[in-house]
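Following this line, the structures themselves.
Two complexes come next, and they have one chain in common, subunit A, joined by subunit B in the first and subunit C in the second.
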Partner chain A sequence: MRRYFARKLLTYFLTFFVAVTLDWGIPRLMPGDPIAGLLAKFQLQPSSYAALHSSYTKAFNLGEPLWRQYLDFWWALLHGSLGTSIYAYPDPVTTVIEHAVVFTLALLLPATILSYLAGNKVGAIAARRKVLDNTVLPFSYMLTATPYQWLALLLAFVLAGVAHVFPISGGFSYALVPTLSWAFLWSLLAHWFLPFATLFLVGFGGWAIGMRNLIIYELDADYAHFLESLGAPRRLVRKYAYKNARLPQLTGLALSLGTIVGGAVVTEIVFNYPGIGWLVLQAISSEDYFLLQGIFLFIIVGVLLANFVVDVVYLLVDPRTRIGLQGGTR
Partner chain B sequence: MSTDTTTSTDTTTAPRHELVYFALRNRKLVIGLSIVGFLAIVAIVAPLFARSNPNAFVGPPMQPPSSSYLLGTTYFGQDVYSQLVNGLRQSFLVGVMGGGIAFVVATAVGFTAGYRGGAVDEVLNMLTNVLLVIPTLALLIIIGGYLKGTSIVFEAVFVGATAWPWAARAIRAQTLSLASRDFVGLARLSGVRSWRIVVGEVAPNMSSYLFLTFILLFGNAILISASYDFLGFGPPNGVSLGNMMNLAFAWNALQLHVWWWFVPPGIAIMAIVGGLYVTNVGLDEVFNPKLRSVS
Partner chain C sequence: MHKHVKRAVAAVLAASLAAPAFAIGGAGASSHATTTSFPRNETVYTSGTAYSPPTNWNPLSIGAYATGTIGLLYEPLFLYDPTANKTVPWLATSGSWTSPTSFDIKLRDNVTWSDGQPFTAADVAYTIGLAKTSPTVPYANLGQYIADVQQVGKYEVVVDFSKPAYTQWQNFLYGNNATPMLPAHVWSKISASAVASFANPHPVGTGPMLLDEANAQEVAYKTSTHWWATKDLGLKLKFNYLVDIVNGSNNVELGQVLQGNIDLSNNFLPGISKLVGGISSSYGLQTYYAKAPYMLSANTVWLEPNIAKAPMSNVNFRKALAYAVDPRQIASVVYSNIVQPANPTGLLPNLASYVDKGVVAKSGFSYNPAKARALLKASGYKGRTITLEVPNGWTDWMAAAQVIVGDLKAVGINARATFPVYNTRVADLTNGTYDLALDNNAGPSATPWAYYDRIYQLPIQGKQTAQLNWERVNDPVSWALVQKLGTTPPTSTAALQSIYAQLEQRTLETMPVIPLWYNGAWAQYNTTYWTNWPSAAPSSNHYTPVMWGGWLGQDTTILALAALKTAK
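Moving on, here comes the complex of A and B:
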């Protein structure tokens, strides 16, 4: 178990290191003068161009030798500084991101966890009933093949644009002042529902298919046949199959975290939901590179933490990893 | 990957005609292949017969679908049908190229790590696991800020360079288990070169698995590039399914109720990717005799 965690943590630290290096290196690796590239998109007077160019050079620390720039980047990062946002000038990038993270987490956590649980349950039930299998399966395939942004557009159009059941954009009604009142909470909930539903539905399809297929595999395994020949009730065999099928599903959850985050980004954009994804669009349109760099690191750290949580859950679910047998140490 | 080796295998013992027999009887495979095949033909043929350039302004703006504009027109008066069939072609191109590049990288890394073992395996495995955790879209965000005018080739290379890790890990695991089999040991004893063992002995024995992996990478590449274009990182003036959704959203198709602008590209992507997934499951059942009774 200690070995299992040591390996995992090593991977995560390495990933963080690589991510920070990429974050630092990509602007410097880009062909040509990165700052000229950034400034070319504004239309500036020559004098203000020169001023802006020198201030950017200073902000990116480009005057120093490369090794120095790299160390300074880490130094600033470890002190919690990611630079100043241009989009929300003069707020520091960390503050801007902190405001948005709350919204993203409120979407991602329930959507991921609930779709995972519901998908697994429904998939397991579908594996045992032919009628259900024939309806749930095609539906699930359609859901899992749907691009997040399209389902978001569709839901926004049908339920908000045409039917006016839900608000079409934003995180809360701009007519309200954020306070702890029922009206405000209700507004939050109403704006939250459609983006949540988008993330939930796409995720649900994938988990249902995965669990359904795994259970059918497991029911064909030797232990299942053996149990059956001993005269064990079918319910018991199914229960064991389900327990075994949970493990690859958990691995799948860790693998798909990146896709889920990507889905949240485009979904938030469609609904103008003021989370990280929406911030990405604002940062792109206002050429706020420090903000993009900061968002990248925030996403990486979030995905790493989520991976760690999945590892711990894996440990709780799979007894083999606990007593040091092979299994979890893939 | 045809070789003259006659090693007995798990998955391909069935003679050719038997595979074909089961393939034609498998409903999932037939449905999936028909959808993907039909769309592929549309993607190849339809742009040749589309009446207009996809970006040309052919008529009044925001016309609903009618006999003169099959799928209506955009906010700018471009023909949605013409954009759709051209976008479909782009999606297939990015899917094949991006999926293909990812497949090549994944097999190279997977075979090397699984067959060589030792320090090489440790290093490649660590690299795979690190890249596995970094979300593609996040990486795109920091690269995209600097890109001025990307091309579909760049898009395919980007997708290919980031989508391979899970496949490499799966191929490595398969290679590991095959590399310890007797027939591989025999080949090694008789002095066959490593790469010939991998190509001649290991790969053919997991050819069905490799094929399934490619199909999934193909589908993923299409989905990733759709998000990519939706964020506006696609080729400028490019016509792609993701770009159609991007423009429809940016020009308030939701508020203006121009649903025919963003509904068709989404259905097209869903049909291709869903068709590929269903084909994948159907093929799995054909290749693996154990699963046949289930369907």
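Moving on, here comes the complex of A and C:
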């Protein structure tokens, strides 16, 4: 068990190092000078321009040679600093991300977990039940094939634009000052619902289809036929099939985390929802290296952590892995 | 074990849902706010100006300060009214040249800062003095002309110049670069290197509102009870709060305006002309003009050739470009007529009195493909591919670029549109590596000086970093004329008109830039909660309707806000 985790942790650490290096390097490959872009909007006289350009370059530490910037980046990172944001100047990147990250977590965690649980349950129920199969299956195919942004626009148009049931934009009402009050909580929830529903529905379709197909496969396996011929009740057979079918689904969950994060990005943009995904767009359009770096660092850590959690859960639900690690035989 | 997993999942879900409430709601307690909500009928909601969260209230951080910093908090000495082309005394009651190198400013005597201190000559002297002591302030170029700033009593300031600098000084006083006055008792504690860039989170101003609340979505101001203009000019804001919302995507903005969640939108919303009046009047939307061009003009869009490169260096080629493009087509197809084609001089409508009609009649250009072909032949153009750069995501300009490329191809120019990201396009223009680009000038100014300064600025550097002379025209004669404007007294109108006529003539003959159309001062209002918005109709409100920097507090948008009435 210890060796297993040591090996896993080493892999995670290497992945982290490479990903962070790429994360630092890629924004710097973007053509153009972010400070020149910032100052071009100011309409300055040449003398003030030169003075401002050099003061900003110094403030953002962009004048140093690249290797120096890279080392400074790691040094600052180890001290918990991600630099100053150009987009929200002069706020530090950590503050900007801190304000956005809660919104994204509130969307992503429930959407991922609930769609996974509900999708698996519904898929399992639908398998080999003709009426359900004929209704749930096409519906699920439709959902999972829908691009996030398209479903988001559709929901925004129907439920916010036409029916006025939900607000169309933002993380909370523009008429409220954030305070711990019922009005504010209610407003948070109302603004949260549509982006959540978008992510939930697309995810739900995928998991339902996956589970339905796996259950059919498992019900055809020898152990299932053997159980049936022993006269085991149908429910019991299905229970065993479900336990076996959820293992590949769990692997699928780990693999699809990246796509889910990508889906959150476009969904947040459609609803103007002030989370990490929306921030990505802002950071790219203002060529804010530091903010972009910070966001991707956060996504990297998040996806690695989630993968780790899935690894642990896999141990819990698959006795074969657990016993194998403890030196037992299969 | 199964139960534990279920409990863990439930705990994670509950925690993730509660997180924003505590993180954001808890943070609110530490902000400026004393209010918890902005009642709809007491609040004006605006949008279309901010592209990043409000984090800065330093009026010298041009381009970075939050919407409202100049206008609602800090105020200049004079306002400029572009629709009437006149100045409005604001913190000053008058200002005049007493000699070619001496300017006298008389101040109001009942203005107070929001911390209760009186506004006096010391504040004005401090603000002007920064030009000499701090090289990062936007008006630092004035420093070389200013010899001395004297306070005469508490409410009069005399500025002595070492050499005449009429236009530079006028730019400091009024127009979209007018400098707001700063409280010397607060700002003198800030180091000279930081004055232009520190965030100023606790602003102390003379304006009609106070900073109330700021978060990633919006900035909110509360109406002050002691604004000097209420007593002096009888102006009073009828709303208690103004909330400016950070921009979302176009579809979100349009939805918000239609639903009445935003009262004033300064976004470019394609197709807005179809939603104003007529069968769409149930939306309650209004624009400045009830029909085309719907919007006031904000700045001139140019087709900018890179004159340092062949074939753009050939004057006949540049003239061929001018005759080949049909701006009427762009106005109608791309903009549904919410913009209008530019005058051949490119000067905005507020400067019409400076346009020499004789010069335009003689040397002006208009759409004429046959003439373009003839000029193209005379230029000896051999068919090299010419690219036209437009920043990616500027959808209206991208569509306009396609129309222009079509027009250019029709006369035999092998043109192609490219859409690099904004910063790449800025780099290409500053380094001079582009062929053609769409570009616009700085916006309304009280005289054409800024327009020509922008075109003819010399010397040309390797990197044209300031947004001046990006087309790299090397015309010392015109540049000398521009400089001569700066030393000609504003009272010598005949001499000024003659210089302007010469500049217009030379510009039309050499075509350093090709004026195409006037970008609009995009403004659409929803009249559900607030009425009497700026309009060309006979009403009391003919002021500028945009919250953009340079307009709200330096042009007359603040007067427009003061004229709003509650809808009954």
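As a convention for this text, the second predicted complex is superposed on the first by the 277 of 330 C-alpha atoms of A that agree within 3 Å, B and C clash if a C-alpha of one lies under 4 Å from a C-alpha of the other, contacts with A are read in each partner's own complex, and residues count from 1 in each chain.
Note that in this section a contact is a pair of C-beta atoms (placed from the backbone, for glycine too) under 8 Å apart; a residue touches a chain by one contact, two chains touch by 3 or more.
Keep in mind it's a predicted model, so treat the numbers as computed, not measured.
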item: Partner chain(s) touched by A:E287 [first = subunit B, second = subunit C, both, neither]; value: both
item: First (subunit B), second (subunit C), both or neither touched by A:A124; value: neither
item: Touching partner for A:A50 - first (subunit B), second (subunit C), both, neither; value: second
item: Most subunit A residues touched (candidates subunit B, subunit C); value: C
item: First, second, both or neither for A:V20, with subunit B first and subunit C second; value: neither
item: First, second, both or neither for A:H99, with subunit B first and subunit C second; value: second
item: Contacts of A:V202 with subunit B and subunit C, given as first, second, both or neither; value: neither
item: Partner chain(s) touched by A:A175 [first = subunit B, second = subunit C, both, neither]; value: second
item: Which of subunit B and subunit C A:L155 touches, first, second, both or neither; value: neither
item: Touched partner set for A:N213, first subunit B, second subunit C, both or neither; value: first
item: Footprint overlap on subunit A, comparing subunit B with subunit C; value: 30, 34, 37-38, 40, 153, 156, 160-161, 168, 269-270, 287
item: Footprint of subunit A on subunit B - complex, ascending; value: 126, 129-130, 132-139, 141-146, 148, 166, 173, 219, 223-224, 226-227, 230-232, 242, 245, 248-249, 254-255, 257, 259, 262-263, 265-266, 269-274, 276-278, 281, 290-291, 294
item: Interface residues, subunit A side, partner subunit C - complex; value: 30-34, 36-53, 55-56, 59, 87-91, 96, 98-100, 102-103, 105-106, 108-110, 113-114, 117, 153, 156, 160-161, 164, 168-172, 174-181, 183-185, 188, 192, 269-272, 274, 282, 285-287, 313, 316
item: List of subunit C residues in touch with subunit A within their complex; value: 1, 5, 9, 12-13, 16-17, 19-29, 31, 33, 35-40, 43, 45, 51-53, 55-56, 62-64, 135-141, 177, 193, 196-199, 213, 215-218, 220, 243, 245, 248-249, 251-252, 255-256, 259, 261, 393, 420-427, 430, 442, 457, 465-468
item: Touching residues (chain side subunit A, partner subunit B) in the complex; value: 11-12, 14-15, 18-19, 22-23, 26-27, 30, 34, 37-38, 40, 141-142, 144-151, 153-154, 156-157, 160-162, 168, 209, 213, 216, 220, 255, 257-259, 261-262, 265-266, 269-270, 280-281, 283-284, 287, 289, 292-293, 295-296, 299-300, 303-304, 307, 330
